[in-house]
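Shared between the two complexes below is subunit A, which pairs with subunit B and subunit C, respectively.
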Partner chain A sequence: MRTNSRNFYLIPYVLWILLFVVTPLLLVLYYSFFDIEGHFTLENYREFFTPVYLKMTLSSFWYAFLITLFSLLIAYPTAYLLTKTKHKQLWLLLIILPSWINLLLKAYAFLGIFGTYGAANSFLEVMGIGSRQILFTDFSFIFVSVYIFLPFMILPIFNSLDELNPTLLDASNDLGGSSWVTFKRVIFPLTLDGVKAGCQIVFIPALSLFMLTRLIAGNRVITLGTAIEQHFLVTQDWGMGSTIAVFLIIAMVLIMVLTGRRKRGIL
Partner chain B sequence: MKKNRKWPAVYLALIFIILYAPIFYLIFYSFNSGGTMYQFEGFTLDWYRELFADTRLLIIVLNTVIIALLSAAISTIIGVAGALAIAYARKRRVKNTLLSLNNVLIVSPDVIIGASFLILFTMIGLKLGFVSVLLAHIAFSVPIVVLMVLPKIEEMSTSMIYAAMDLGASRLDVLTKVILPYITPGIFAGFFMALTYSLDDFAVTFFVTGNGFTTLSVEIYSLARRGVSLNINALSALLFLFTIILVTGYYFITKRNEKPNGMGVRQ
Partner chain C sequence: MKKLIQALAAVLIVSFALLYIVSGLNSSQGYTSGNTLTIFNWGDYIDADLVDKFEQETGIKVIYETFDSNEAMMTKIEQGGTAYDIAVPSEYAIEKMKEEDLLLPVDHSKIPNLKYIDPRFMDLPFDPENEYSIPYFWGTVGILYNTDILGDKKITSWNDLWDPELKNQILLIDGAREVMGMGLNSLHYSLNDKDKDHLIEAKEKLDRLTPNIKAIVGDEIRMLMENDEAGIGVVWSGTAQELMWEKDNLEYVVPEEGSNLWFDNMVIPKTAKNPEAAHQFMNFILDPENAAQNTEYVGYSTPNKEAQKYMDEETISDERFYPDEEMTARLEVYENLGKRMLAYYNELFLEFKMHKK
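And then the complex of A and B:
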């Protein structure tokens, strides 16, 4: 009787797992071994290791790294200061609110702001620097990405700072630690989990968001995600697209392991 | 001392301005009669009028809402079953396996989910359109529901279930009269999250939507790729309003959930 009812819960859920989690991943792996005409081949993997794709992968990682770094540098002080405010949950909600607005609309807003006659250029004009091309540059891509990912970085850091036991800070103070030492030796190590979670949340999408590169960076920046989209929906070369997807999955798993909660694995 | 107090406030204010400026920039120019996003000529409601007169867009909005409601409802059912299956799995290993499989779709980049579902649906021979989009949305919403419901089930004490069984309740009675009422807040939160994920999704939908069927995000993307048109601004103003209503609703739902035990524990 008991096992029966347990099986009854399991059926739809396990079906879902098999159909939409296991099968798609296996299909991506399977397709990566076929060329555009449907012949079995390892050509896709060979091609991935040619300079063209390696360079793209490297630059994709480099952009994702920069985006994560800048988000972290801006988000950490923000989260720290937020925990010091009076109605911190409300302020946090207000920081998170923009992340609920459709990402495309935010990207679209920057088409106006960074446009030739947009607000950013009028500002530069007033400052006496003069207007210049902002849209479709590396700068605009990184700026908009950081803008979009910022709330996702702030949230986990805020949570870990919020859980921090304040007596530890008093202890550090009493033992003569300067505020910098307290930060370096006490606050930062204890909030490392939040930082790791934030980096994970930002880095993986930064590798793969194709709509941002398309809208904001023109075709200047090609990330792994853009390449996958290109192969699947434009050139219809699903094999090559799947191969890149396989490497993106590998990268994702590596990042998860590196930023995983199990501290013992790394240090 | 005074200086110390001022800088944090300035920093936070700056972050808030940066986070909200693009959104208000969009909304501001939705009232521009000039038709561009840089020169405000005069106040007009024409863009809104045009928006409401556009039947094609209204159908797209309707599609998006139907997809969101249906996928949220179905994924809530599967997700609750899944959460029950995970919570009542006897073997630790089974439980951990189910949980990791559950999280695969949450951490996977959207491009990979989209691409692999595209392969899956094509392989099955499903025509891309309403059904494929609905299935995809159900698929990526299920794990979120599970994560929202699971903690509620785990915090419920098993003695309640045993008490019910001792009093002669059948398994079905236990489920419908004890467990489900207890976890209702979690179910609502899960449904709500699934709804917002579905409304917000672009990348996955973009892959699995065929030619005939469009959701709002996909439509915004194709409009934005064509350049600035103040229709999108008007649309984003309405969506912003809608988002605020949703977030406030969600805020109050979670507030209400937290109150009973949150107050009890803290005092």
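And then the complex of A and C:
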């Protein structure tokens, strides 16, 4: 009786996963074996290993890496300071708030801010540095991406820092550890899970960013996401689009496995 | 356990209540099936006042959706999903949609205002006798340039864009056919060239243009040109006209080597739920006064001869937007290249986009 009712409650979840996770994945895999005219082929996979797509893969990974790195560098101190403030929840809310606004709206706002006559350049002008091209550069692309992903990096790090037992810090202090040693040997290892979770949440979507590459980078940065979008919407070469998606999925699974949780205590 | 069921029931009840309220709201505003017209058009491509006027005149409620490329539009119509009653594809897309049997024939007897259309724009090769499509607007692809930024420099041809002095000044529209066409035209090849050597030559020529290119963007190009963000933009004629009405420092030119001539026509997709209303709307848009109002808002060239009587003399005598026969001879209409060739164009375009400065 008991196991029966438990199985009964599982049905919606199983259905959900089958319909919205497994089926789409299988469809992507299925389409990747067809060429543009609907014939079965392995050509798409050969095509992926031509310099064009390999270069694109490399540059996607490079930009995703930079975005993750800068997000982490900014998010960790922020999360740390957050745990020290009085009104933690309020500050956290303020940081999360921008992520409720549509991504496209934020991107359009940056078009204005970074423009030749935008706020950023007026500021540079006042500072005596003089205006320069900000929009459509690597800098603006990474800046805006980091801005967008930041809340997702801060949250898990904040949670793991918040859970940290303060007596451990006292212990480290009492035993003569300097604050740097305490950070390196106590705080950071204990919040590593938060860091890993944050990196996963940022790195994986960053691999397939596509709207920003056009709006902020002016198509000077081409990622795998851009190529997928183009194959599905413009060339209608669903086969090639799916093949790229298959490789993205494989890359994501690998990243999940590599950064997966290890047993506590080993580190 | 009990709580779980209660919570579930509460969610269900709230959902159904909301569903009921929404459908109630829709019908109170007249959005019932059989009384709506779903239009699928390019962004910013109609005077919204005309939609209101149509609703008032006929009592039909209009649902208006937009797209930003022919390909995206076709993908959506092919997949079904939303049933559109009217779509506005360009000529090569109409050819393709006809081939794939996605269109309903248009009943000319229900569109008496068709007589106002200039015969030059009827019975074109992509749709003989206008069996499936009714002209909406037409135009060209050309170069819009900012005289404040470029100074005395005159732009007259595609090849002028390769001038090293124009470093980091050019905005391109994010379209494979437009950009590849520009490369082909600059080498005096046809826009519809299928010779792979010519295409590779064009792509290599475009690669040499990269130092001058600031960005390759979509509809944002309008805003960027308006804000003097770049000296040159390769745009569709209507975008140019609209901006030139607003700003005096912009000039538009159809390049010497030739360029693209395109037509956007209204069609009725096979999935249409209300073809009757679609015909009514087509007739409404072709009414000369409505067409004139629409043209003055949108900025593209109207195929409606009678409408020109209601428009500014200056606008219709402007040869850049209403080119004469001699100029038209240099322009080419896109042909349907077939899936393979189109994929090849896109492949080259993607490689060109990846080419680093």
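What we mean here is this: the second predicted complex is superposed on the first by the 245 of 267 C-alpha atoms of A that agree within 3 Å, B and C clash if a C-alpha of one lies under 4 Å from a C-alpha of the other, contacts with A are read in each partner's own complex, and residues count from 1 in each chain.
We adopt the following convention: a contact is a pair of C-beta atoms (placed from the backbone, for glycine too) under 8 Å apart; a residue touches a chain by one contact, two chains touch by 3 or more.
These numbers come from a predicted model, not from an experiment.
Trainee: Put the two structures on top of each other at subunit A: do subunit B and subunit C fit, or clash?
Mentor: Here the two partners, once superposed via subunit A, clash with each other.
Trainee: With both complexes superposed on chain A, which partner does A:Ala120 reach: first (subunit B), second (subunit C), both or neither?
Mentor: Neither subunit B nor subunit C is touched by A:Ala120.
Trainee: In the overlay, work out which of subunit B or subunit C sits against more residues of subunit A.
Mentor: When the residues of subunit A touched by each partner are counted, B comes out ahead.
Trainee: Examine A:Gln230 and indicate which partner it touches, taking first as subunit B and second as subunit C; both and neither are also allowed.
Mentor: Only subunit C is touched by A:Gln230; subunit B is not.
Trainee: For A:Met252, is the partner it touches subunit B (first), subunit C (second), both, or none of the two (neither)?
Mentor: Only subunit B; A:Met252 stays clear of subunit C.
Trainee: Examine A:Met153 and indicate which partner it touches, taking first as subunit B and second as subunit C; both and neither are also allowed.
Mentor: neither
Trainee: Per the contact definition in the header, classify A:Ile67: touching subunit B only (first), subunit C only (second), both, or neither.
Mentor: So A:Ile67 meets neither subunit B nor subunit C here.
Trainee: Where does A:Ile142 make contact in the superposed view: on subunit B (first), on subunit C (second), on both, or on neither?
Mentor: After superposing on A, A:Ile142 lies clear of both subunit B and subunit C.
Trainee: Of the partners subunit B and subunit C, which touch A:Phe20 in the superposed model: first, second, both, neither?
Mentor: first
Trainee: Could you say whether A:Arg214 touches subunit B, subunit C, both of them, or neither, answering first, second, both or neither?
Mentor: Once the two structures are laid over each other on A, A:Arg214 reaches both partners.
Trainee: Per the contact definition in the header, classify A:Leu111: touching subunit B only (first), subunit C only (second), both, or neither.
Mentor: both
Trainee: Taking the two structures together, which residues of subunit A meet both subunit B and subunit C?
Mentor: 108, 111, 115, 117, 214-215, 232-233.
Trainee: Along subunit A, where are the residues that touch subunit B in the complex?
Mentor: Where subunit A meets subunit B, its residues are 1-2, 5-6, 9-14, 16-17, 19-25, 27-28, 31, 74, 77-78, 81-82, 84-85, 91, 93-95, 97-98, 100-113, 115, 117-119, 122, 147, 150-151, 200, 204-205, 207-211, 214-215, 224-225, 228-229, 232-233, 238, 241-242, 245, 248-249, 252, 256.
Trainee: Name, in rising order, each residue of subunit B that touches subunit A in their complex.
Mentor: Interface residues on subunit B, with respect to subunit A: 8, 11-12, 15-16, 18-20, 22-23, 25-26, 29, 36-39, 77-79, 81-82, 84-85, 88-89, 98, 101-102, 104-105, 107-120, 123, 139, 142, 146, 171, 175, 196, 200, 202-203, 206-207, 216-217, 220-221, 224-225, 227-228, 232, 235-236, 239-240, 243-244, 246-247, 251.
Trainee: Could you please specify the touching residues of subunit C with respect to subunit A in the complex?
Mentor: Listed in rising order, the residues are 69, 71-72, 74-75, 168, 171, 174, 176, 214-218, 220, 223-224, 227-229, 339-340, 342-343, 346-347, 350-351, 353-354.
Trainee: Taking the touch rule as given, give the residues of subunit A at its contact with subunit C in the complex, in rising order.
Mentor: Spelled out, the residues of subunit A in touch with subunit C are 36-37, 52, 55-56, 59, 108, 111, 115-117, 133, 135-136, 214-215, 217-220, 222, 227, 230, 232-237.
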